[in-house]
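Each of the next two complexes has subunit A plus one more chain, namely subunit B in the first and subunit C in the second.
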Partner chain A sequence: MDYGIEQRDQEAAVRLRGRLTFNDHAKLRALIGEMKQNKAKRQVLDLSSLEFVDSAGIGMLLIAREEMVAATKELVLRGAVGQVKRVLTVAQIGKIVTIED
Partner chain B sequence: MVVQTPPPRTRFAALHGLAMADDRLARCATWLGLPSRRGKRDSGPTLALLDGPQGATEAAAWLPPITAWIEPTAGDDAQPSLTLLTTRAGSVDLYINVTTQTANNLHLAERILNALAARHPLPQDRREDLELALHEAISNALVHGNLEVAGMKELSAAELERFSRDLVQQMANPILSQRRLEVAVTLEATAMAVEVADEGNGFQPTPMDCHGASGRGLNLIATVADSIELQDGGRRIRMRFAL
Partner chain C sequence: MTSPPSILPAQLRGALTGLENARVLVVDDNRINRNLLLALLERGGIHQVEQAEDGNDGLARLEMFNPDLILLDLMMPRLDGFEMCKQLRGDPRWKNLPVLVQSSLNRAEDRARAFAAGATDYVTKPINAVELLARVRIHLHKRALLHDLEQYHSRAERELALARSMQERLLPSPARLTSTEDSLGIAISAHFAPSSELGGDFWGKRRLLDGRLAVYLVDFSGHGVGAALNTFRLHAICQQLAAISDEPAEFLAAVNKRLCGLLPSGQFATMLAGVIDPTAGVFHYASAGATAPMVWAPGDNAPQLGDGAGLPLGLLASIQYDSRSLPLPPGGRLFLYSDAAIEIPLGGDVLDEAGLAAMVARRIGEEDGARFLDGLLDELRATGPIDDDLTALVLTRKR
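Our next item is the complex of A and B:
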């Protein structure tokens, strides 16, 4: 998985690309650190270029959400398609994190 | 791991070395009584021998006529174990037996789906769902089984750090990273059975145990598979899928 962060006025848009699995633990640690440090109150994870996510990847997204709550920031998951969208639905992640199309 | 050897389904016609030294490949060919047919693609069912992930990253390494992928042990006991694994490989339609390190480097589930799709066309959605189920079973076997790393129990960056540190540390342990992972696929007309086995300490599943950042893997498999059965104290999972 790779990511790029685009800083706007009120929100930071983070585009995730490729496959998000348990092997991406180091990248997720770095990403969560960057999201905590930037000034935007609203952190949007753009999942439209993410091709695959596993259960550990979902777990890491939930950790990101908890860390944003602790930093009084909002986390939004946006634009999931295909397998990623199906897993988010099956795991009922919408009950915990804001999901936008 | 407990290895059963039902009657043969696959009779190997040849060996194919994937980045394996010539002399080692020749030795294995003698042991197994199979010709080594490097480069030829028109032979019958072929057993690929690996020496680490090198050579197995090419797409062609996961396409017919190769039906089995075995990474022989390096020690003096290589012959009996290779013979046993080859018999096991012959009892199913697709068979993989590699070290934890190699399995992790190869992103095995994606490779297996390539091998499967070459034999049984699958709609994109179904293919992705099957890949997820296989990936979850394989990563459970690697991470929690062979590497003995506990899942992320709490939703915190500290727990993610602990998971990250444990995973790197355990993978660097030569004993744990050389533990084997086995995947055996039996194809039927409209279904397939997949077994994934590890050499860890096993585990007692607690159904619907889905706290914190971990524990969703088996539940995700259950949404894709027709049935799941845990065997050998949790070291082996047997899954059945409609095709």
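Our next item is the complex of A and C:
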């Protein structure tokens, strides 16, 4: 997995690319650090280029959500497709994180 | 013993501490050379030195002395150094023993031949004391590190093997499966394969009153030791809540509530809990983000998929779960599996539930549950790498 951050007025959009799995733990930790640092209240994870997420990857998204709550920021998961969308749907992640198409 | 002589740099003297227990075998046909090396090692702080005067003598003393390093001459009568080295490398016990050749042969071919015979390192005579001791130190140090690593590795292996057998004991034994089949007429075939020594999956079953059977399958996020420790926790919780296992949605909600306080952030479990009710011909179930259960009846040409949607366990204490059901008439079959089965890479996507259902459909007429499962697992393994824990259960109503 790799990512790129784009700062807009009120939100920071982070585009995740590739596969998000257990192996990306350190990288996602670093990303969460960056998301806490920047000023935007709304932190959007753009998942439209993410091809695959496993259960550990979902766990890391949940850690991101918790860290954003602790930093009084909002986390949004946007644009999931394919397997990623199916996994988020089955796990009803929308009940605890804002999900946008 | 006298203190190390001044020819040794202070740094080297320091590095040699800790090597006082090292055992070195000196193999040289020349007594003067042997004494020289002995004195040199002694000055370097290595006191346990054994001498041998040719290759045969050296091999014989290996057994008794069990050295950490050999200083080996090449030109010797009877058995020379090349041959001794070759022979000792043939014994697995001495495969990694450092052999430092010291010889007056200094042509490139001689060196090449010595390395081909299994030498670890090579110095030419006349011996430079500082260099020889430095090399001895390096090889002994490497050997000590390797030894530590091997010890650590074999301890970790033993402990993981023990943990693995404990984890397998969380699962219903074959004897219990047979008794379930005899008393309830429900045959169970099970497969459990962690992707490393330990897994984050487990499953259980419980015979209820009036011929019903409760069954559940759990898949913790991640895999390996951390996920495996969580299975022990959840197993205990399931045992404590066994009394309400006849109400799957209630059972899941109660398990979730207990788990929420225990799991660190980022960890969760998916779980499917259900009850087979033979009298009603129904499988009642509830799901916390588990894979879709599949059922089929004799004569069906494809499985019917249930709904696995639900928030995984351990994320939100107040969550309620939906009660769902699927038909399960006599002769019918229920198939449960962990997500490893549908996350096998296929082209740019993954196999997914639809792909798995198609695989099931291809062998839907197979009456024997174990053969059905074996065939399906073979096809899954042939599809692509399975890099997560895989658990699969086939429950067949025999009557």
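Methods note: the second predicted complex is superposed on the first by the 101 of 101 C-alpha atoms of A that agree within 3 Å, B and C clash if a C-alpha of one lies under 4 Å from a C-alpha of the other, contacts with A are read in each partner's own complex, and residues count from 1 in each chain.
To be clear about the criterion, contacts are C-beta pairs under 8 Å (C-beta built on N, C-alpha and C of every residue); 3 or more make two chains touch, one makes a residue touch a chain.
The structure displayed is predicted, hence computed values, not measured ones.
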| item | value |
| --- | --- |
| Side-by-side fit of subunit B and subunit C on subunit A, or clash | clash |
| Partner chain in contact with A:18 - subunit B first, subunit C second, else both or neither | neither |
| First (subunit B), second (subunit C), both or neither touched by A:66 | both |
| Broader residue contact with subunit A after superposition on the shared chain, subunit B or subunit C | B |
| Partner chain in contact with A:55 - subunit B first, subunit C second, else both or neither | both |
| First (subunit B), second (subunit C), both or neither touched by A:89 | second |
| Partner chain(s) touched by A:29 [first = subunit B, second = subunit C, both, neither] | first |
| Contacts of A:4 with subunit B and subunit C, given as first, second, both or neither | neither |
| Against subunit B, colliding segment of subunit C, chosen among 99-107, 117-125 or 189-197 | 189-197 |
| Contact residues of subunit A, present in both the subunit B and the subunit C interface | 22, 52, 54-56, 58-60, 62-63, 66, 82-83, 86, 90-91 |
| Contact footprint of subunit B on subunit A as seen in their complex | 19, 21-23, 25-26, 28-29, 32-33, 52, 54-56, 58-60, 62-63, 65-67, 82-83, 86-87, 90-91 |
| Interfacial residue positions of subunit B with respect to subunit A in the complex | 104, 107, 124-125, 128-129, 131-132, 135-136, 139, 143, 151-152, 155-157, 159-161, 163-164, 167, 212-217, 219-220, 223 |
| Touching residues on subunit A, where the partner in the complex is subunit C | 22, 51-52, 54-56, 58-60, 62-63, 66, 82-83, 86, 89-93, 95-96 |
| Residues of subunit C that touch subunit A when the two form their complex | 219-223, 265-268, 270, 289, 291, 308-312, 315-316, 319, 339, 343, 345, 348-350, 352, 388 |
